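Note that the chains take the letters A, B, C and D in the order they are written out, and that residue 1 is the start of every chain.
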Amino acid sequence: MKTIKDSVHDYIEVEGVALDLLDTAPLQRLRHISQLGTVTLVYPSANHTRFEHSLGVYHLASRALSHLGIEGQQAERVRAAALLHDVGHGPYSHNVEDLIHRHTGKYHDEVHDLLGGGAVARILSEHGLNPDRVADMVAGEGELGQLVSGELDVDRMDYLARDAHHTGVPYGTIDHGRLVRELRFVDGDLVLAAGNVQTAESLLLARALMTPTVYNHHVARIAKAMLRRGAERLLAETAVDPERLRRMDDKDLLVALRSNDATEGYGERLSYRDLFKRAVWAEMDAVPDDLLDADHDEIRRLEDDIATEADIDPGHVILDVPEKPELKETSSRVIVGGEVRRLEEQSTLVQALRAAQYDQWRLGVYAPRDAQDRVGDAAVRVLGLDVEETLVSDVRSGIHATLDEFQ
Amino acid sequence: MKTIKDSVHDYIEVEGVALDLLDTAPLQRLRHISQLGTVTLVYPSANHTRFEHSLGVYHLASRALSHLGIEGQQAERVRAAALLHDVGHGPYSHNVEDLIHRHTGKYHDEVHDLLGGGAVARILSEHGLNPDRVADMVAGEGELGQLVSGELDVDRMDYLARDAHHTGVPYGTIDHGRLVRELRFVDGDLVLAAGNVQTAESLLLARALMTPTVYNHHVARIAKAMLRRGAERLLAETAVDPERLRRMDDKDLLVALRSNDATEGYGERLSYRDLFKRAVWAEMDAVPDDLLDADHDEIRRLEDDIATEADIDPGHVILDVPEKPELKETSSRVIVGGEVRRLEEQSTLVQALRAAQYDQWRLGVYAPRDAQDRVGDAAVRVLGLDVEETLVSDVRSGIHATLDEFQ
Amino acid sequence: MKTIKDSVHDYIEVEGVALDLLDTAPLQRLRHISQLGTVTLVYPSANHTRFEHSLGVYHLASRALSHLGIEGQQAERVRAAALLHDVGHGPYSHNVEDLIHRHTGKYHDEVHDLLGGGAVARILSEHGLNPDRVADMVAGEGELGQLVSGELDVDRMDYLARDAHHTGVPYGTIDHGRLVRELRFVDGDLVLAAGNVQTAESLLLARALMTPTVYNHHVARIAKAMLRRGAERLLAETAVDPERLRRMDDKDLLVALRSNDATEGYGERLSYRDLFKRAVWAEMDAVPDDLLDADHDEIRRLEDDIATEADIDPGHVILDVPEKPELKETSSRVIVGGEVRRLEEQSTLVQALRAAQYDQWRLGVYAPRDAQDRVGDAAVRVLGLDVEETLVSDVRSGIHATLDEFQ
Amino acid sequence: MKTIKDSVHDYIEVEGVALDLLDTAPLQRLRHISQLGTVTLVYPSANHTRFEHSLGVYHLASRALSHLGIEGQQAERVRAAALLHDVGHGPYSHNVEDLIHRHTGKYHDEVHDLLGGGAVARILSEHGLNPDRVADMVAGEGELGQLVSGELDVDRMDYLARDAHHTGVPYGTIDHGRLVRELRFVDGDLVLAAGNVQTAESLLLARALMTPTVYNHHVARIAKAMLRRGAERLLAETAVDPERLRRMDDKDLLVALRSNDATEGYGERLSYRDLFKRAVWAEMDAVPDDLLDADHDEIRRLEDDIATEADIDPGHVILDVPEKPELKETSSRVIVGGEVRRLEEQSTLVQALRAAQYDQWRLGVYAPRDAQDRVGDAAVRVLGLDVEETLVSDVRSGIHATLDEFQ
């Protein structure tokens, strides 16, 4: 057994298959992938990595299994999956995940190829675990897979607490001690024991407050869009191929961006926080329906159109259209009056949170500071945004409509 | 200037009128009044007092005034009011407040008599402050009074953070640093600056989660009802008069209860946590409308009826009908798009919180453990609670209906 | 099993004999005995109690036993002793312990009488535990007794962490997680595993810094001396007998002092922080040798002499001569190079700490503020303190010699 | 003014010259230099950077200046120096500092060249500050320079607190709030006010405990030696020159090591924690005097000799001879009895700490795991270490002598 000091959970005891997995390259690589990517440009102390997070998820999984009384081989499988659950992340975690998916067809939780070979596969097999079944669990499949990836998984319990610790934003300070104690399996579903409606709500509320304040902070979103754009240039203009990009870590990618002229200076801009600004920031109501569903090529074409209209270099316009919000935890299950209920049925609050997520959605168009006005103007015309009655910001005139966060 | 170490705010600098007020008996008395009364019977580390809380409120008021650029005499008045805001509390803070109000006509924030004489009045006058105007401010009157008592007052910022620190329940961990920085006065209203819808929501959510988990925990409510009942006996059967009760501290009251046979053993029961149990625990829908509005005498009469029906000593039945919930902070004001808006207009979440408060409301009937069944049975009949379709717990049969918290 | 939320250890799981003991009066009484007595007059947020501390000690004992692999009946005995270890404390914990000992012959860890009867004895017996052997363990006897009371006991691990949390003074923030993990039994001695010289040192250093800053702060010492004096008057002048005093809690004692004219107003003075001041504060070198060894009667006589010399009421002079310092933890044992060594042999630091304790020792003479000068003057003469070359403070002239803490 | 959220100090207000300096490349570059270098290989959550630390030092400097009543241009100079104090660090902070010094003659606090040109020089000049004088202050020169670099500087106050927060090791949890409040200038010396002997001691003790546990942990030392060795190869075998190395950040260096065959695989080894092991670990008494003073060339020659003796590749032996320990803070000054005294005169503890530092000193010889025995054996012979009576570890035989940390 090895005991590792952690700033969030104090001591983490690593043993069994996890101890052998610890020193493999796929896991150690996570030391070089930041948990929150470009969020550190807003919260400078948020430099934590997927490695410490993976240890934390492993720790909470162990605690949950112990409270649930689950032991033996199936517990080992969960612990392995918990420790390995993030090995599929590309550089800067979620920041370039869509790009990698478009080119490789893989999201970060599709790790059959990564677990199926090399030292990881060998270690899993030595411990009597089938790599494919561990990979299934990472994807949330099976009853016990819910512990690793699901509405009540230990992944989010760790990241909320850890992100709060490292950003300094207290909203993520959940009661993970209570959460792992109150988990139960009922008819194959992972649920919270009776008396825990508030416990379940607290998890959602923590994420509901962290999302706009931390994860979707507009500066982090701008930087993320720039990073994605730089990575696209790298794929298009250099010898880096998608599979190579997928296995890079943060250091590889940033140095590659900095050392490559074809990436239009995004590497330097990101390194030294010389970021684009918002030219447009629009609520969902201001956006034409078909734009909400536009695919990557369409977005690219629109960026070019905006650039043409604004008469600037096409590389200097970024159109950022987020997915429609979803709030996975709303279907968390809690025992109420002896029955398993979905939280969304039981909790008025949860229904409101869904609506709140839509209120917070924003489309962004970003450009260098000196082109901000021209690009904003052009984007409103090209995208057909509804300026009059809703919420497009007009940066040139200083009128920020009703967008309170446009400061 | 005096610097005081505090476990929540680290260092608190006390100066000016506050420094002189610090050593007066009305303020020092707060050392002997617990912040959360009977909550310590649920959360054993919650033994903090109104004294440390008052220092914390003074501290946050000073910080807010400094950020708002308010100085001189009017700032001194706010600081004095912040420090003195709780001197009107009776023993065990809110726990016997209603009882005291019924007999003296005074709630804890009506302190004109307490500030108008003695050392406090003299010190305020020496600093050029009118005791009556400070007392007005304690009651939330006037523009600056909103800082001391209002939807965005520093009182709740301190108590949420402090209660979280001392109970260990993290839900109250708000970002008070941000809150005091973002306060603004607009047209006489205290509001939060633009970009703070989430900040305002976080304050509400913290209270929404702390209320059922901490403040209204059923064990704390049972003990509070027993304390109230004991204090009533003290007034009825001994020489203690209401004004004397109002000025007692926790130590006085508990010792008086313990040393007085007429109080039916409530003192020992509370001291050694030998508490009544829930005989009935009913949601609002199960309760006849007129019972919701019953006054004190009516409640007393119903308790007697239940005791008669259950054939036990009338002192052994407590009927606890809480007020209808209100959520004062829902009318917090935030600047959105250049206009001041009430949070309830802006935030879907806040509207949901109102509804959630109603969902959490419970009527309770409490009795000694060995009379729990009989009393529960009798109470359902006497009160006309709707057992069939709703939510009365039937303790005898072990059927707890859909009341998940009935554990 | 019952799970209790604690502000220091998060969740404490109580089970077995401890669960049954929890609701007994001797244990619940500790809710009304403050952990640090008069220290709250210096650190206002330090209102924690012996009850929450006892839960914490129980928790750390359970953790240590689990790491040590000790189970069954002997583990139950340790857990019972850990939970019960402080039931022998009188009101205000250590503050009046000497007084109680002088009259009853019992220190707080002599609890054979308290465990040997009533509900506690019955519960222990039901769990197959001999009350006398549990009481022996509370006194630190036997191999496993070292866990409860000894150089490396879990008692000090809890109180250092807890006192830091509640006072806000960070010096007590030890790594109790590591300490309980690294305990070992070697030849019947409780020791720390190899690699833990610093771990052992950290425990000593924490106490070495907390002692002058918190436990022996001069204001806490003055108030403690006043409390002791008041309690003596209670014994001398009222019907309260020593055994009754021993079983009082803080509330009983303070109310008794306040309601009894014979106690010369100490109750009010302590309640409202109207404290005596230092008339003399002298280092050990300034004090004649025989004064260091003076017994209680001699001290009383000297106080009278000083009062006569200063021409004031004898009740207004308090002479406070602390015991010579000892530092029990210096004999902690650590494995170094495969051998068990005493920390004082291994650590240069520890030897220095002993000397530092002597440097910090102070004799005090206290009196009401308006008699401070006269009493100081008289005390120097009566006690034969060495003013010239050493360190007596001369309050009248404002010359505080080299006593830096005389602020 | 800009307000930045920090996980240690909560909110940091940046204004004046600091606000303009914030977005310069030399400062933003510190985002990519870790505070503790290879320590993250021991404490996985220690990923904090020189950038957040620089903000923290700026913050504490501002607080100290405010308490000291220092304003205007000279305060701006201190704040600029505090913010810029670490811009001279090379990649991995102190880890390759000696190497860079040997080649460029510059330590990290010699920053005249870095402040004297570019955006930084221009901004300083615009604010009426002379870049050379700011650089002097970074080097600790001048009265106010003591705040930035000296025995009581705010640099160590920030790093102790920050390193504790991010490693999870509580020993660094100092009371920085008190420290910045108690600073005074007396006759040009920065001292602590009277009553702060313990405050000063606590700062030293924190560092004394953090040093062996965190900063000099043997695994961090091994990795650091490997990093240094890799960087040497980079200078020797590639086009990277010393001045380029000095201005690299962590990402540049690690990627350069990984992408360069000439660096003998150190990049991969460091990235994936495939580290050398201790072949020898010797106390100071076991080491011949002349070895303690050996220069870099001599060390290199000895490594070759050991490799030859052990018959392995010369690149696979690292000899690590640390400098003799010094404890700068021992000359901290505190006011005691109205006089300024050096802490080492006043405090028995401090004298002991000096000795303790010598006790903790270790010479290391590192090699790949499979060559550990051969290299250990060879090193003892080549270096003339005293095996018999002292403290060399014999890894082969499993006899670790009296070295308790050899686990």
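Assume a contact is a pair of C-beta atoms (placed from the backbone, for glycine too) under 8 Å apart; a residue touches a chain by one contact, two chains touch by 3 or more.
Heads up on the chains, UniProt names are A, B, C, D = HD superfamily phosphohydrolase.
Nothing here was measured: the structure is a model prediction, and the numbers come from that model.
Between the contact lists of subunit A and subunit B, the overlap consists of C, D. On a Cα centroid basis, the chain most remote from subunit C in this structure is A. The centroid of the Cα atoms in subunit B and the matching centroid in subunit C are 34 Å apart. Centre-to-centre, using mean CA coordinates, subunit B is 51 Å away from subunit D.
Centre-to-centre separation between subunit C and subunit D, using Cα means, comes to 40 Å. Annotation for subunit C: residues 10, 169 touch two or more other chains.
Within the complex formed with subunit A, the subunit D residues making contact are 4-8, 10, 23, 25, 28-29, 31-32, 40, 43-49, 51-52, 55, 165-169, 249-252, 254-255, 271-274. Taken in their complex, subunit B has these residues touching subunit D: 3, 10-11, 177-178, 181.
Residue ranges of subunit D in contact with subunit C, taken from their complex: 169-171, 173-175, 194-198, 201-202, 205, 208-209, 212-213, 334-339, 347-349, 351-353, 355-356, 359, 400-405, 407.
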